[in-house]
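Structures follow.
Next come two complexes, and both contain chain A; in the first it sits with chain B, in the second with chain C.
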Partner chain A sequence: MTRTLRRVPGYLFLTVAAILSVFPLYFMVVSATNTSQDVLDSRLLPGSHLIENFNTLVGSQDVGSAMSHSAVNAIATTALALVVCSIAGYGFEVFHSRGKDTMMSILLLAMMIPFAATMIPLFQLFAELDMVNSTFAVILPAISTPFLILLFRQASRSFPHEIIEAARIDGLGELSIFGRIYLPTMRSTYAAAAVITFMTAWNNFLWPKVILVNNDYQTMPMLISNIRAGYVTDYGMLMLAVLLASLPAVVVFLLLQRSFANGITGAIK
Partner chain B sequence: MRVEQRRNLTGWAFLIPAALLIALMNFWPMIQAFILSLKTGRGRRLDFAEPLWYNYQRLFADEIFLLTVQNTFIYLIVQVPIMLVLALILANLLNDRRLRFRGMWRTAIFLPCAVGLVSYSLVFRTLFANDGFINDFLMGLHLIDSPINWLGQTGTARLVIILGLLWRWTGYNMVFYLAALQNLDNSTLEAARIDGAGPFKTFWYVTIPQLRPIILLTAIMSTNGTIQLFDESWNLTQGGPAYTSMTMSHYLFELSFQKNPNFGYAAALSYAILLMVAVLAFIQMKVGDKRD
Partner chain C sequence: MKKLTKLASLALALPLTIALAACSGSSTPSAQPGGSASGGTTGSGKLTAWAWDPAFNIFALNEAAKVYQQDHPDFEIEVVETPWDDLQTKLTTLAQSGQTDELPDIFLMQNNAFQKNVINYPDLFTDYSASPVDFSQFPQGVVDYSVVDGVNYGLPFDNGTAITALRTDVLEKAGYTVDDFTDITWSDFLAKGKDVLAKTGQPLLSGQAGSSDLIMMMLQSAGASLFDAEGKPTITNNEALMKSIDVYAQLVKAGVLTEVNSWDEYIGTLVNSSVAGTINGVWILGSIQTAEDQSGKWQITNLPKLDGLSGATNYSANGGSSWAISSNANAELAADFLNSTFAGSTDFYDTILPSSGAIANWSPAGKSPVYSEPQEFFGGQAVFAQVLEYAPNVPSNNTGAYYYEGRDAVSAAITKILNGTDPATALDEAQKTVEFAMQ
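After this line comes the complex of A and B, so read on.
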């Protein structure tokens, strides 16, 4: 009995934390189905105005275009980042040498460079190349990150070197060993890296805002940010837009939560 | 060519694309920003300033800049310690094997990390609107008589940003602590229990010291992130009222890309941010690495 009683504060604390964590999202989902007036009246039950809000939203904003820009950016970034960083992480670990260790320490320094300090020259660079408003300019700075390289390097540590030796004796080239043996066995690391990269790229705001000067190319986070800049806010419509902007990343998170957790903590193990 | 030599070269070939991209997208612009910070002028016509450190001198006299530094450090000093302590408590509660519904608690508390910064900023903006839910709720409980203008007053606007950051990032840090707790040496906890230490003493004297490296890491990451705060300032409070909730990055964006862009001066500001990140990380590493 005392044992159970002692655990009450713990459960209470967790309950409060869980409610506070979920409530803003519940509010967002419910408000997307209510009118602006309902939202201001703090109605917390689902309403019947979802379609109406949707029509107002697509009537005033080009949601389809913003969604597809976001999707293209996020998917292209993820695909390229996985290829470039996994090959590099593999290279650092499997072809380990003192020179490469030095190189890794230098690359890790890049983690400490705030984006603010590179933003203006990057903008100037892409302006000079006449690539402002291009998908290429949005994704290029996000492809190679020290974090992902480190993640793959740490994961490669547990990959048995004997297999690589055996494959070499069998006459397999280095690239085939990577593609045919390493890649399929490291699926969980790839999943973790993919989830993090996709979510970061989907939600990224500052760089796309800097480099996508023309609103025709805007992404979902830019679109919802611009709605709030208007004078009169239709809160039901705004919450629906926010819901649509959040949905892809939230769905990925809910499906692959464990991969996400392994990903953010994986590089430090 | 010998086999080892060839392998060494193959290894370099594997990592060259990634290394080149980092050099081009991180190190090169960082150097360019420094050169830029020594120049003045508008638009594309930029010349070296007289004296060279003119932009940096100007920073110290720029009251808006100093205000944004102050705002950013208020967020940092108030939010980061509270968040890390909360995350530690939550992780410790969730690490209990006898806890029921562990997966459910974990998912609920971790969930805010899935939401983009712009999205949650706009949800918080709606919740804290004058006629929004928070005011209705507090008035319903008779805790306040009239609505609070949360986003229109300095103190409350800053508070809303801090609450937003706590909401968004506590679960994220908790996951780091959970991962570390699961790798903890259980025999040390057993030993503490046999020696008669209660749960609080065990947590403070046995668990925390073993978590020190990870606490240091989360402190550095959170500091780094807070110093670069942009999305919340831009979307949640729009920096207002009158710049009193604006962050350094928000001001940097205004200087760089709005009205009359001044890239030289903005670059000097960006170097101030870079310096703060570096100095704070260095201090934290010095303090955190201290051995007893």
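After this line comes the complex of A and C, so read on.
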């Protein structure tokens, strides 16, 4: 009995924390079904204007194309980033040398440079390559990130080197060792990396906004920014757009949730 | 094991395929804005434009294109919806990386940011000196936003004339009418505001905490600014600024102005009736009118003026925007298009006014009967004609290259003053901040 009682404050705290973190999501969902004025009045009950908001949204913005551009960007970035960064992380750990360690430190330092500082030279580079206004220009800079390389490198530390030695003795090539042994064992690290990359790519705003000079390849965050820009904002429609934009990230996270937790804790080991 | 190899190769092949598919997007050469317009004759060809509000300035552009197409059937316009903040980011990036060939033919620019951009990035603009536009048909105060060294860089579009919008039903409860708030001074406004608050419990105004919009409007109403003619900051020893800040502090202390945390909350106070009025650029009427249940309960009037200050008026402005022609434009076509529509067609302004509320700065447009039509939402008041009466009286505003820095520094100073810092000390700090930014 006393044990249960002792737990009460803890649960109470957790309950409050849970409500606080879920509330913004709840408000987003509910507001998507309300009129602009209801949202400003902070109405907390679901309304009946979902279809109306949807029609206004689809009528004023090309949601389908923005969703598909966001999806292509996010999926391609995630797939390419996983391949490039896992090979790099594996390489840094397994084919370890002094020079590579220095290289890794330089990479880590690069993590500290804010994007705003590299944006203009990067734009110049892409403009000279005639790649402004292309999906490729959005994806390319996000493929190799120091953070992902670090994640894979740290995770590779827990990968037993004896297996690699054994595989080499058995006559397996380096690429096959990576593909057949490393890749399947590190599944949870891949899942964690996938979730992180997908979310960053899906929410990426500044770079796409700058490099996509015309709106042919507009993404969801850019579309939301457009809705906010007018003198009059339809908040119901805005909330619906935000809801639509957050769904894919939620789905990806929920699908990979368990592996995500394992991958992150595994990486810290 | 075979299965694994397959999986691994798939994992490698799939992203490559996607990447290749994605690349194909870039192989189509990007549409060349301007420059390569077909034929050499003025009036045919395509213009690209950047603007930000589909219900307002983008709508106006498309309507203008329709008007222009009547005489120039080959004309086309492509509008790229770009929010103002993003537009500024793009301009900065293009200017700093020297890639001006990615610019559209025309773009819309906030009046307050105009001089800053022309001074910092002259390479982005084509000036209007070779164009046929008659700038004397626009209010001087509005034209001045986009004049640098005597040269015109912008054609004024939407009207930013400031208004006081008031809830007549609330005023009535306190025994007032809108006339009691017309041509008054701020001390008058404060006294009446306290009375309304006492009788109805509703403050007259609301504003975003830490925003200096209202102070800037007060300052401009007296023809004053944060900078002198040479662009040097004049935040210290600025009588108009001291008076404006004093009025603002009194409004907040008396509860006549209630401060909220964000723009969305500010709009909220208007549409959910927690305040009885607002002072802002005339474009705020668009947001006010979203509260359909308040139809017939609003009216507008001019601003209170600062007490005991020479040059003080009841007129000011906030916001508004002008069209710029880029350095990468088919300049002749762009200028002719703008001149025949935004600076030459009453029909055009008549079309855009009722559906978008875009009030012209071009004075001949105001003579049209469309402007004098009574507006049901405003209790039958002809608000558009009213605004056009105020517009020519608005004093010019010297924005300069560091307007936003000045404004931010003053905003920070206001927060400090409201928390008890001595105004002279806080403004002295603001002056130093701006001077530092200008080094």
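Methods note: the second predicted complex is superposed on the first by the 236 of 269 C-alpha atoms of A that agree within 3 Å, B and C clash if a C-alpha of one lies under 4 Å from a C-alpha of the other, contacts with A are read in each partner's own complex, and residues count from 1 in each chain.
Operating definition for what follows: a residue touches a chain if its C-beta (ideal position, glycine included) is under 8 Å from a C-beta of that chain, and two chains touch if they have at least 3 such contacts.
As the structure is a computational prediction, the values presented were derived from the model and not from experiment.
Applying the stated clash criterion after superposition on chain A shows that chain B and chain C collide. In the superposition on chain A, A:Q124 contacts both chain B and chain C.
Within the superposed three-chain model, A:Y235 lies in touch with chain B and with chain C [touch as defined at top].
Contacts of A:S225 after superposition on the shared chain: both chain B and chain C are touched. When the two structures are aligned on the shared chain, A:V16 is found in touch with neither chain B nor chain C. Legend: residue contacts after superposition of the two complexes on their common chain; A:V250 is shown touching chain B, with no touch to chain C. When the two structures are aligned on the shared chain, A:N214 is found in touch with chain C, with no touch to chain B. Counting the residues of chain A that each partner touches, chain B and chain C differ, and the larger count belongs to B. When the shared chain is aligned, chain B comes close enough to touch A:Y90, but chain C does not. When the two structures are aligned on the shared chain, A:I163 is found in touch with neither chain B nor chain C.
In the superposition on chain A, A:I113 makes contact with chain B only, not with chain C.
Common to the chain B-facing and chain C-facing surfaces of chain A are residues 40-42, 119-121, 123-124, 206, 209-210, 225, 228, 235.
Interface of chain C with chain A (complex): residues 1, 4-5, 8-9, 11-12, 14-15, 18-19, 21-23, 25-26, 29-31, 48, 52-56, 78, 80-86, 89-90, 93, 96-99, 102, 264, 267-268, 271-272, 283-284, 286-287, 290-292.
Across the complex, chain A meets chain B through its residues 10, 13-14, 17-18, 20-22, 24-25, 27-28, 31, 39-42, 84-85, 87-88, 90-92, 94-97, 100, 103, 107, 110, 112-125, 140-141, 143-146, 149, 174, 178, 199, 202-203, 205-206, 209-210, 221, 224-225, 228, 235, 238-239, 242, 245-246, 249-250, 252-254, 257, 260-261, 264-265, 268-269.
Across the interface of their complex, chain A is touched by residues 7-8, 10-15, 17-19, 21-22, 25-30, 32-33, 36, 86, 89-90, 93-94, 96, 99, 104-105, 107-120, 122-127, 129, 131-133, 136-137, 167, 170-172, 175-176, 178-179, 214, 217, 224, 227-228, 230-231, 234-235, 248-249, 252-253, 256-257, 263, 266-267, 269-271, 273-274, 277-278, 281 of chain B. Touching chain C in their complex are the following residues of chain A: 36-37, 40-42, 60, 72, 75-76, 79-80, 82-83, 119-121, 123-124, 127, 130-137, 139, 176, 179-180, 183-184, 206, 209-210, 213-215, 217, 222, 225-226, 228-233, 235.
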